[in-house]
Amino acid sequence: MIVIKLKPSAGIKRISGIISLIEKSGYTPHLSKSGNSTQIGVIGDESDIMKILSLDKLKKNAEITKTSKPFKLASREYQRADSIIKIGKTSIGGRNIVLMAGPCAVENYELTLAIARLVKKSGADILRGGAFKPRTSPYSFQGLKEEGLKILARVREQTGLPVITEVISPSDVALVGRYADILQIGARNMQNYALLEEIGRTRKPVLLKRGMMSTLEELLMSAEYILSQGNPNVMLCERGIRTFEKYTRNTLDISAVPLLKQVSHLPVIVDPSHGTGVKSLIPAVSKAALAAGADGLLIEVHTNPEKALSDGFQSLNPKEFGQLTRELTAIARAVDRKI
Amino acid sequence: MIVIKLKPSAGIKRISGIISLIEKSGYTPHLSKSGNSTQIGVIGDESDIMKILSLDKLKKNAEITKTSKPFKLASREYQRADSIIKIGKTSIGGRNIVLMAGPCAVENYELTLAIARLVKKSGADILRGGAFKPRTSPYSFQGLKEEGLKILARVREQTGLPVITEVISPSDVALVGRYADILQIGARNMQNYALLEEIGRTRKPVLLKRGMMSTLEELLMSAEYILSQGNPNVMLCERGIRTFEKYTRNTLDISAVPLLKQVSHLPVIVDPSHGTGVKSLIPAVSKAALAAGADGLLIEVHTNPEKALSDGFQSLNPKEFGQLTRELTAIARAVDRKI
Amino acid sequence: MIVIKLKPSAGIKRISGIISLIEKSGYTPHLSKSGNSTQIGVIGDESDIMKILSLDKLKKNAEITKTSKPFKLASREYQRADSIIKIGKTSIGGRNIVLMAGPCAVENYELTLAIARLVKKSGADILRGGAFKPRTSPYSFQGLKEEGLKILARVREQTGLPVITEVISPSDVALVGRYADILQIGARNMQNYALLEEIGRTRKPVLLKRGMMSTLEELLMSAEYILSQGNPNVMLCERGIRTFEKYTRNTLDISAVPLLKQVSHLPVIVDPSHGTGVKSLIPAVSKAALAAGADGLLIEVHTNPEKALSDGFQSLNPKEFGQLTRELTAIARAVDRKI
Amino acid sequence: MIVIKLKPSAGIKRISGIISLIEKSGYTPHLSKSGNSTQIGVIGDESDIMKILSLDKLKKNAEITKTSKPFKLASREYQRADSIIKIGKTSIGGRNIVLMAGPCAVENYELTLAIARLVKKSGADILRGGAFKPRTSPYSFQGLKEEGLKILARVREQTGLPVITEVISPSDVALVGRYADILQIGARNMQNYALLEEIGRTRKPVLLKRGMMSTLEELLMSAEYILSQGNPNVMLCERGIRTFEKYTRNTLDISAVPLLKQVSHLPVIVDPSHGTGVKSLIPAVSKAALAAGADGLLIEVHTNPEKALSDGFQSLNPKEFGQLTRELTAIARAVDRKI
């Protein structure tokens, strides 16, 4: 990618002149703002793009660089300022830390509403809950599907909490998009490119989970699939990777947090529930995630973890979640953030 | 799963009696044959199924067992005899070892035809070639798509070689199915359940690749997704897993071959090209795979590996492939198989 | 292990009676205190030990339990209260968080002294520095050996900082023990049982690093090797494990911190330098470690990281270390600890 | 390393002239023979060595190259011909494939003798058996130590089978060396440099096992520790690495076999017992190892696996071992080797 950084003094006319030059040459200009400077990224044959740009008197007021990373639109080189994604009144990626909490799977209306109210009271900003559940076994509970989505929408009406829920097939993107505020792409689908592209064609905020077998570069390349289709509202989620360790379900890669924040402008969310798979470890790991610079947490909360239809062993109960948010508030303050 | 094994003496009337009993109770009977005995599998609440079966005078001529594994239809407990999948004149899973060879990606007609003729001459049974290419980067060559499928079909006409090619989205299953003899599910899609179910609803033979960080049990559970939809023509493929080792692209898990053959009746294919990612290691690892009991190999062959649009560094040239097949013939003989 | 917990009311006579009963029977009693109750652990054939204990009128004032873990003396079941290890005026494992900082390798007296003074000024409690360096290549710099130990001792005299340094061979334990305040067992030697036993026979405080390939249970079992020889002064150190991720040298397992604290009473130290291998990630990961409950940090600091003889790429300079300690102070306060 | 390759025509006088030039300059010349050409390797500052060599009229009859790998004496660049290690009448690394078999741990004389006789009858060349057992738990059976060594020596007298046994501490090298024909370095000690150096100072044949999370390059660097001390009799052993897979104890890295043979001249042995940890997989994996080019196998055999004091679940009984050797003979023939 060639990045053209324009000084604040460059007027709209100048910017649109460059954009039309790029478009006429058959390339797609990608625009971003950092403070009051503007950047235009162009992806493709770099020497050809440089030739085209040399036609323009770019030297004035502009600085032209190449990105060094295989991911382009996701990189800090393309956009210096943090991406901030707005979900109703909530901003993700800014100074506020976002708490997404709720049951692994939506089981019924009453239970979902009860959990939503309790987590909201404890400070949750967003309700999580699965309607489409990708399960290892075809014989396991696969979620309530559209019925689950409807429940989430009704609970949102009652509580005002925006809703995040998973989508597992390209053909469901439109359906899930009608009900959800944030689409979630699960770890198993991180490289389901048909799904990524379909979501890329919408403008829906999307939380992209790292595959349990995926490098951070691959996670960023999957984000690039969405971004390059035109959807800039991507959040990255660290949820643990597979290792030989047996005491935990996954090994949460805490270094991923500062590393992703350094090389990318996208918000970074941590899922300590899947990241550990052990209830008693969630508080400590949640605090660690905030201390490391995470923009938010995705936590499983259930009023009756023992009876949950899915993943109860890694769910907090609402009281434990309330206790945790109090502890998190202190950590947020220590890193100059707010909950 | 409850498995009802009927002695050879059980007549068709007896078998269809049990089947209709099961169906009337709302369960789906799954039939398999091992030699001349018949087995019927029923998945669901095991105590309820046992109660239903007790209505029938099953004790005569039948043996009732429960499967111990989370995978059911894929297990040896359900079907003792090896599954044999017929692709034209080629049988996969029997005494013959099957060689699938060809380029990573279909690039054009002439090249594909040339490679197909050369690998056929050296003993290949099936032509491999990617038309839809799942690539880590959205900016990499993504395959010729339908044009690539048409090329494969024309080359099949010219050479008589059946064709295996990858499908990456549920919405492409019908399209790819019209051109291909075997559908391939890539490692990144091993837990793309929407894709598995869509393929499960066809009867197309399918080669299911192990995810690069998936356990063997998860591979079998993914096979179960296809089988439980009614498609029995599933082959499993070991293609290397991710480890810390840096000299190879992946670590080929050779134990997977005998292990899968022991717990499952499905054919097992090995992909030494992705399994090593290093051209010079492919011959030794191919021989190892046959010695360990693999039913076939999936090997990348290109007339000009250096110029291949994808994965040239791990492709053999046709001469090297010819040399390899001669060496494989000796190994096949040593384990009482044929090429 | 059978654990006999005695109520505070049990007098010395009672305790010594039980101890002599155990010793007479050929077993070794292990004593620990939690608050004002006393526990005695006995390892061996559990039914035989129970029989012996039944001879004593133990029912009064005592509670007898079995440990459920394969590690015994390292377990919380054996000792409820946190182990606190005293190094001069510094306590490790209590409310205070301990910072161990210094160069990877001791290079010469002047440099070591300069670094020691700078890290002390920034709040370091203990000086780290390698005299014996286990290197992957026999042709790499292997440390100054005894000369390095002497330098460390002189620097301690000048600065008052206690010294931690690695020992790599059983035959060097006495030598290194004469100079060092804390012995370090490196990741490669975590299962060097001859070394563990030799150190177990001393009473020297020891920091045991987790092997890059070792589970937490194995780390605790290695601690058990030291403890069972009679040396109770063991600290555990998480320093990253091997995974497929390529951006970092190791994957720091943050969950290890709360997990080890839950199942064991031993202090837990984190090494963010080796745990990431990337300088820019050290501050975030250090903060995460404290937030997760670590009792201390082991950090590489060098005045001229670019010219360090070993591991410069993962060393902070003193100014960066100073900045980090200020940030850590805020985190410590947020989790009710002190630096 | 600078490698000076001398043509067959170079006489002894010429060779010794170069050697004394190198020695006078303070370097150590390493000699090896490939066919009838001679190679001299010199490790150190390469530009300095080149300057010294330019004093000699080396251009005649000599070719000077640099090795590209971090391992030097272990590399094929230093020695083109396969290393062949003689143990009595047995040669390891040549056309013959070597079978090392026996119990995990030496338990007593009678049992060891019985197993030795049975495996010898089935074609074993060397008896394996552990006297010093490195166990994860300090409370597990640690081997019979010197008594076990004496048993092995007596069994060798009775059967004529040379003996391989593990050494776990530098201070035991002399002791174990007095009894054993081959020293074994276990996976946990692959980077126990004090042990490697101690063994390097002897001339005892040594089998170096790959660490369970060590790269192949690290394995070769550990071999280099031994070689650089002057002991050329090193065999490498692949015994499985740690991965996330749960059905097997370790994941045997079959690619390691051809890879090590390509980059190094040292013999490569495979341990299918630890490499799988599952008895039923050992035959298939053993055949795969030979097909991939292994020079030998190290297999656990016990007359009563269920009652073995260590690792019985992965031991064959003598009858199974006999059946396996017959199958291996066919594979050996297929790759033009002999058993």
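Each chain gets a letter, A, B, C and D, in the order it is written, and its residues are counted from 1.
The rule is simple: a contact is a pair of C-beta atoms (placed from the backbone, for glycine too) under 8 Å apart; a residue touches a chain by one contact, two chains touch by 3 or more.
Just so you know, these numbers come straight off a predicted model, no measurement behind them.
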{"item": "Reference interface A-C: repeating pair among A-D, C-D or B-D with over half of contacts shared", "value": "B-D"}
{"item": "Contact-richer chain pair (by C-beta pairs counted) among B-C and A-B", "value": "A-B"}
{"item": "Chain of greatest Cα-centre distance to chain B", "value": "C"}
{"item": "Distance between the centres, which are taken as Cα means, of chain B and chain A, whole angstrom", "value": "35"}
{"item": "Chain B and chain C, separation of their C-alpha mean positions in angstrom", "value": "50"}
{"item": "Overlap residues in chain B, where contacts from two or more other chains coincide", "value": "213, 242-244"}
{"item": "Chain D to chain C touching residues, read off their complex", "value": "43, 70, 72, 134-139, 168-172, 188-189, 191-194, 211-214, 218, 221, 224-225, 228, 242"}
{"item": "Touch list for chain A against partner chain D, complex", "value": "242-244"}
{"item": "In the complex with chain B, residue positions of chain D that touch it", "value": "213, 215-217, 241, 243-248, 251-255, 257-259, 262, 275-276, 278, 280-281, 283-285, 287-293, 327, 330-331, 333-335"}
